[in-house]
Amino acid sequence: MPDAQPGGAVSGRPRGPVDPMALPRFAGAATFARLPRLDEVTSADVAVLGAPFDAGTTYRPGARFGPAHVRASSKLLRPYHPALDVLPFEVQQVVDAGDVGMNPFDIVTAVGQLEAAARRLGGDGLDLLTLGGDHTVALPLLRAVHARHGPVAVLHFDAHLDTWDTAWDAPFTHATPFRRAAEEGLLDPERCLHVGIRASLRARSDLADDEGLGFRVVTSEEFQDSGVAAVVERVRARLGEGPVYVSVDVDVLDPAHAPGTGTPEAGGLTGRELLMTLRGIAGLDVVGADVVEVAPAYDHAEVTGIAAAHVGYELLAVMGRNRIDRAARETT
Amino acid sequence: MPDAQPGGAVSGRPRGPVDPMALPRFAGAATFARLPRLDEVTSADVAVLGAPFDAGTTYRPGARFGPAHVRASSKLLRPYHPALDVLPFEVQQVVDAGDVGMNPFDIVTAVGQLEAAARRLGGDGLDLLTLGGDHTVALPLLRAVHARHGPVAVLHFDAHLDTWDTAWDAPFTHATPFRRAAEEGLLDPERCLHVGIRASLRARSDLADDEGLGFRVVTSEEFQDSGVAAVVERVRARLGEGPVYVSVDVDVLDPAHAPGTGTPEAGGLTGRELLMTLRGIAGLDVVGADVVEVAPAYDHAEVTGIAAAHVGYELLAVMGRNRIDRAARETT
Amino acid sequence: MPDAQPGGAVSGRPRGPVDPMALPRFAGAATFARLPRLDEVTSADVAVLGAPFDAGTTYRPGARFGPAHVRASSKLLRPYHPALDVLPFEVQQVVDAGDVGMNPFDIVTAVGQLEAAARRLGGDGLDLLTLGGDHTVALPLLRAVHARHGPVAVLHFDAHLDTWDTAWDAPFTHATPFRRAAEEGLLDPERCLHVGIRASLRARSDLADDEGLGFRVVTSEEFQDSGVAAVVERVRARLGEGPVYVSVDVDVLDPAHAPGTGTPEAGGLTGRELLMTLRGIAGLDVVGADVVEVAPAYDHAEVTGIAAAHVGYELLAVMGRNRIDRAARETT
Amino acid sequence: MPDAQPGGAVSGRPRGPVDPMALPRFAGAATFARLPRLDEVTSADVAVLGAPFDAGTTYRPGARFGPAHVRASSKLLRPYHPALDVLPFEVQQVVDAGDVGMNPFDIVTAVGQLEAAARRLGGDGLDLLTLGGDHTVALPLLRAVHARHGPVAVLHFDAHLDTWDTAWDAPFTHATPFRRAAEEGLLDPERCLHVGIRASLRARSDLADDEGLGFRVVTSEEFQDSGVAAVVERVRARLGEGPVYVSVDVDVLDPAHAPGTGTPEAGGLTGRELLMTLRGIAGLDVVGADVVEVAPAYDHAEVTGIAAAHVGYELLAVMGRNRIDRAARETT
Amino acid sequence: MPDAQPGGAVSGRPRGPVDPMALPRFAGAATFARLPRLDEVTSADVAVLGAPFDAGTTYRPGARFGPAHVRASSKLLRPYHPALDVLPFEVQQVVDAGDVGMNPFDIVTAVGQLEAAARRLGGDGLDLLTLGGDHTVALPLLRAVHARHGPVAVLHFDAHLDTWDTAWDAPFTHATPFRRAAEEGLLDPERCLHVGIRASLRARSDLADDEGLGFRVVTSEEFQDSGVAAVVERVRARLGEGPVYVSVDVDVLDPAHAPGTGTPEAGGLTGRELLMTLRGIAGLDVVGADVVEVAPAYDHAEVTGIAAAHVGYELLAVMGRNRIDRAARETT
Amino acid sequence: MPDAQPGGAVSGRPRGPVDPMALPRFAGAATFARLPRLDEVTSADVAVLGAPFDAGTTYRPGARFGPAHVRASSKLLRPYHPALDVLPFEVQQVVDAGDVGMNPFDIVTAVGQLEAAARRLGGDGLDLLTLGGDHTVALPLLRAVHARHGPVAVLHFDAHLDTWDTAWDAPFTHATPFRRAAEEGLLDPERCLHVGIRASLRARSDLADDEGLGFRVVTSEEFQDSGVAAVVERVRARLGEGPVYVSVDVDVLDPAHAPGTGTPEAGGLTGRELLMTLRGIAGLDVVGADVVEVAPAYDHAEVTGIAAAHVGYELLAVMGRNRIDRAARETT
């Protein structure tokens, strides 16, 4: 089973998932996709990072258990991604960097802890795929991304805009990360996009406010009316060139596809629509990503966890595909 | 948060949902969409009414707990409906009229109790959105609608025709409401339509019988083959002008989208298809509606309850949109 | 059905639960035990109050949905309590006072909101039975009780001591209410008692610290070794005369009896042991009580909710029994 | 595996459960305990009969699926009962007689259908162990037992008395079977007993009424205070000599032990207490029995189903033990 | 209700499902679709056979309980299939042949037991619809089909290729049936097709290996991009004339539609897509079929079981339709 | 929080669980009790070992996921055990040794793999606490224990005897470990004991056979009749001096306390009875232990997992207590 051969520092080849013939997939430690831990390799390209935090939640809590759940649901991910023709764990060293310790009682402190951890890993040249946690975590992650890359495009999959101002006087919650990020100048206002929006809103002004922050909207209904390919085209047109941060709230999926989340809204995407759209951005310069709002207490049979794990896999495949293509371009 | 300002009788403006900043969405009494109770306002336009009854069920019972479940699942509904550009709780006073006491042991008595309650509310000029209960409840509701509006078109979303004759000698069950309604002259036989039909039937004659009662059929498969827009067109063509009653059995949804129901059939609609179709009838004269057959004991993470709550929201938005447009037309 | 006759202000008799013959138990609004709301009566003796809050939780969150769940699980509670030979809803006017709006993001603010609400109700002469929420809520409730009654005995049912100092620098969490209360002088250090303690501890010193605050311990194992009657005797001996506050964390029950809680520990009490112990304190001067840490997302078939609702019923029966006996003593 | 050898008519020996070496326990048709169907043997002593009916339910419905669930949960029952030292399937021919077709919409008709089926089987000399269904079914079963044996003692395990009069004008519901049976003269008023009673009551008079019908009460609390042995003694003293009918409502168990039931009450028996009490009546002349109120939609991991299946097994073992002892006595 | 009239040997007409008016659908023995058992008829055309086996599973086990679960989930299937205009239980005698006893500890033995049973039934002229069990069972079933029909086309619905070689040295597992079948010459290498493939693979070579065995691939994404009709066309083009074996692994469905399976992969088919594709092969010569990998412990509200039961119904309808058409052709 | 200070090799003090203030209990890698991995310390005394295997199961499979589930359920275990007054993670270095790779398709191979791993760890002087897996794993573990300690007493908690001979010709299954162990001379036939036995048996001879192998029986009913203290006395009398191996099948618990298991039987122990009995053997020379048969797919809210984790904690506390006492004895 050469695709699972441990390599890492020894061989110069990235070290991949644990060989299932040595340890069956239902066994062993639950790192993401059974990948090595950060401390098991000498260098790495991409880190999967847990942000176990849900103190910014307005409805159902529980996303603090999200990272563990997504990891447990990722054990069937295998080395080869046929649609993008890439071996995401071989063309780059992907590791699991564990969870960041975040204060469960003080949002500001917690946000700072995650930002510090993300900056530290980013400083080591690692791209991050973060497993939430509630959507509050996107702000400190964007701060760290901005520190490395300057203003970025945000491709945001969600049922909700997440550009509210404050709630109960709190500036940092799962409903506000992208407003804060825009205010802090972390985003490129010409290249931000929400995908999958559908929920009822507080007021007509919500949409105008949102647009003023630099976002455009692809609704869930557009998938029904126009299909995935047309959405992908719109997405690519909006994102253009330059660094992209992808933030996936699993509530972008229909509750049938993601029951285990905190703010469920009927009428969402299927898992297949989401995965194909993500795959469709191959070639764009994805410099970081997150998958958030998995609340396992409401999940069943890991339906939500598996969807989130596959979202992570698609993102890693896109990153890997880009790495190969970039290398090829640089060679020629 | 002006959209949640209590108004009601005092201000002359409709009183909306409880302000979430005063009482978070996970708190407070579970009226539909956190709206005021009927006894809290001086006048109202639309009443959400519970019909907790399941003695007419042939397979899985439990819809007696449906109204409470749909209300509990409706707490995230917000004031503004972007697709129809309407504030359904502001352009009309919507209230929760509570549950009707229905005899759980005697179907005929229970049917009479609901009819009486519906006539009383209708007599006060209230349009009803009823939360079932099993589909037996549609008959007394149609009787009350007929008393106000004469024969109506029925737009019926369901996996099943519900035009059987009797079962175990019982004339009033969840399998028979539309046959009884047709026999009683409550329906306009030129304008009735089933949408989402797919289940296996007892006999070839079921379809012919059904057609004889004035119904036409849009199957679930037509959504797959032709898409929502084409279905909407067929629906509008069939319903035409005049009063329309909308009856939504949640089993029109695929079991993945509505596990919590009594007579599940594979191959159904997605939540998005259902919501978009409902939205598509804006402009038609909806004079009453129901959402039935939510059986919470089989639900998970409120997946079914949320779908049903959104169905209710779409219907209220359609009613509100129509109210504005009618007012606009009358003004000019 | 005279025991369910509405009385209230009109008749001078307390108004009891909704008559199930008028509205079956599976129907109607979910006030605790189907009792009237506070705003439906002219005066009341005891208020059931919801404290939907879980931002003080260290492990599984979700107790913010606790009040709604316990109310929904209380629909089968009937008027007559045979063991104490009392009609708890007839000898005193019990009402449901709804939920207190508590800030989900700021513990200090939320604690203040609950304290204010409890003081207000206490100021009106109402005794409180509070439905949590996590155990953080006990502190503001004790403050309000102290304002009316001075230092009180605490009878605390729990797997844990809840007398930690701080965690992540936060002084007010679900692990600290009784330390804070002791420090603030709210408790009578000669009359406090934990019942059901069993969990592993952080350090040997935990127990000594706890004893220093005025608490003694009845372990879960004592129920096994000595039986309920012996425990009741110990409890009564410790509590003696004077006002008593009863705080019941449902995690005092074994996880088999209360899966729906945030910090489950094996080896706990059965529901019957808990109910009989509560019943055993009849005659003591219970001036307030709470039932906390019901986390519905982890419950099944309302097993935890039903246990918590019955805990509330026992406490109301004890209060009612005392009220009669006090009246009898005062008469003679 | 001689204990599973098929015998039946051919060998003259009773035919037992399907041999698990031929067909593993997780496979094969779900007759009770994998026993033969009635139509597979030439003669039989005891029939397990399904009464799939729940139209007499006042709270959670679903017991119509009870017989199928208890059968599916009975697959691990093995041939030898060590405590009573009996092979219940070898000392008597036990068969599964399938389900009785009962009208789901008309209680009176359904009660008649069950009575007719029970009389027919009783006429063939079969003792019945009936799987409910809600407790309504006890009345027609007692009528059939009375037809064969005259007035019988009833040993009734339940949280509730089930001796209400009518509810919503219905005389035959799950709350009334033993009042109706007493009125019809089916019971021996000197020998009836409820065991496990604990729920709150409608009024103080409920108990007096019940006693007037010939019942005495062993509460759930007596198990805690006095232990199983003392309860067994009380039971045997009350039942004395003569035919006994045993009716077990699974809600006699604590909700932790029987979540899957329709009217759950906290503070109930453990499974072990129930099984040991049943075992304790060996020697009494059990002429019929039922296990009712299993509502599978609320069960988890067959916890309730397994408890009910073991209740059935204990009852069959008691019947078998009696058959041997009677034969031994008759021989000498 | 003539469509449920028992006929069988007596009338010369096939005997259909149990009449629901005699025994409601929630009652009675759980044969597939409430059809007669094999031993209840004198001759039959199609047998539904259970293969309760999961020792070949690499991830979540539990498919050993699959046959019982699919049968329990099939109770709502009715006599008439409108889309194909056929009465599948009337144009052919369909029976339930029960479960095959398969050794749970020895795969080779178990495979032999199933092959023997399938050959025996095939020898009696019965076509088989087998309910798994894990996918290991496809190999012995194909051996038996080959014995009757020679090499067959395989139409294989699955997320996975199932053409691995060995795993942990075992040649017969749920990941290998079609490689073994190809090696044994059971398949027509020009006419095999996988539908619904989407999972990540072990290596790029997996696809080439698979193609070398005679398979082509329709991915799940093709349903999204091209629609069901286009897929059906591709399927029919590949399968052409000659005998076809259809093997449906329920994991071809998205986990939202089939949570109860052993190797779930995000991004799969909807139930409607699967059913319509199956229906689309009407006219092809289906000589056998299976539905496998239903693992009930992970199912909820029978969502997976219902989907699998409907898959079975579609296959029986296709077989029935073909039987009529063939007869019609032979007549003319 | 000194009790959680990392020490390990550096400080000479054992390294304990991860400090929850650094990483909250809901976060971080799921080693047992958040202890260090074996590769993180320089030496260790006790290893927690996972044996993810369930190919020896006769009814519900799924124990292959047991080790991961018990670890996830162990996160609330804290450093101090008050009843035994011991710090189990401080008086001995306890580590998590991960899972053994066991062949899922070949029982003999898998048994060999576990034996080899256990011998290797035992050779390094480590005592083992093994997390199953099904009960098949006890045999290889006993072989490894025997290699170090010679014949041992077995204290076996279970509903079943597990001394069958073969099933479907397989010698090594979850029903046979103690017969095989006795035949291989691994056990001291004067000191073996089953505790909690209650299930129905295949035949009267089962008990005699079992006694012949050196076992005595404490039934579940003895806990009810005599209490825990009396059972503990019987246990200590039987086990006497010399090495003891403790094997805990979670099905010794009542299904209410352990729904998540493979062969559930009604009428079992409570969690508290089991934990107190385990605690009662402090002072005996426990040289190894296992907790087996946790099948997570049937668990709810980790009820079974938490019970199993606490069983492990009691066993580690007993081992630690003994270590201190031994050291104290050796000092004096």
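Going in written order, the chains are labelled A, B, C, D, E and F, and every chain counts its residues from 1.
Please note the rule applied: contacts are C-beta pairs under 8 Å (C-beta built on N, C-alpha and C of every residue); 3 or more make two chains touch, one makes a residue touch a chain.
Just so it is clear, the structure is predicted and the values come from calculations on it, not from any experiment.
**Student:** So which chains count as neighbours of both chain A and chain E?
**Tutor:** B, F
**Student:** Which chain has its C-alpha centroid farthest away from the centroid of chain E?
**Tutor:** The chain farthest from chain E, judged by C-alpha centres, is C.
**Student:** Taking each chain's centre as the mean of its C-alpha atoms, which one ends up farthest from the centre of chain B?
**Tutor:** F
**Student:** Determine, among B-C, E-F or C-D, the equivalent of interface C-F; equivalence here requires over half of the contact pairs to be the same by residue number.
**Tutor:** C-D
**Student:** If I rank B-E and D-E by number of C-beta contact pairs, which comes first?
**Tutor:** B-E
**Student:** Measure off the straight-line distance from the CA centroid of chain A to the CA centroid of chain D, and report it in whole Å.
**Tutor:** Using C-alpha averages as centres, the distance is 55 Å.
**Student:** Just the number, please: Cα centre separation of chain A and chain B in whole Å.
**Tutor:** 38
**Student:** Of all residues in chain A, which are in touch with two or more distinct other chains?
**Tutor:** Where chain A meets two or more other chains at a single residue, that happens at 24, 26, 58, 60, 64-65, 104, 167-168, 254, 256, 270, 298, 300.
**Student:** Give the pairs of chains that touch; include all such pairs.
**Tutor:** A-B, A-C, A-E, A-F, B-C, B-D, B-E, C-D, C-F, D-E, D-F, E-F
**Student:** How about chain D: which of its residues touch chain E in the complex?
**Tutor:** Touching chain E: residues 22-24, 26-30, 50, 52, 64-65, 67-68, 72, 98-102, 104 of chain D.
**Student:** Report the residues of chain D in contact with chain B in the complex, numbered from low to high.
**Tutor:** Answer in residue numbers: 54-58, 60-62, 64-65, 103-107, 109, 167-170, 173, 297-298.
**Student:** Please output the residues of chain D touching chain C within their complex, sorted ascending.
**Tutor:** Chain D residues touching chain C: 58-60, 167-168, 199-204, 206-207, 219-221, 224-225, 254-256, 259-260, 263-268, 270, 298-300.
**Student:** Contact residues on chain F for chain C in the complex?
**Tutor:** For this pair, the touching residues of chain F are 1-4, 20-21, 24-26, 75-83, 85, 87, 227-229, 254, 256-257, 270-273, 275-276, 300-303, 306-307, 309-311, 313.
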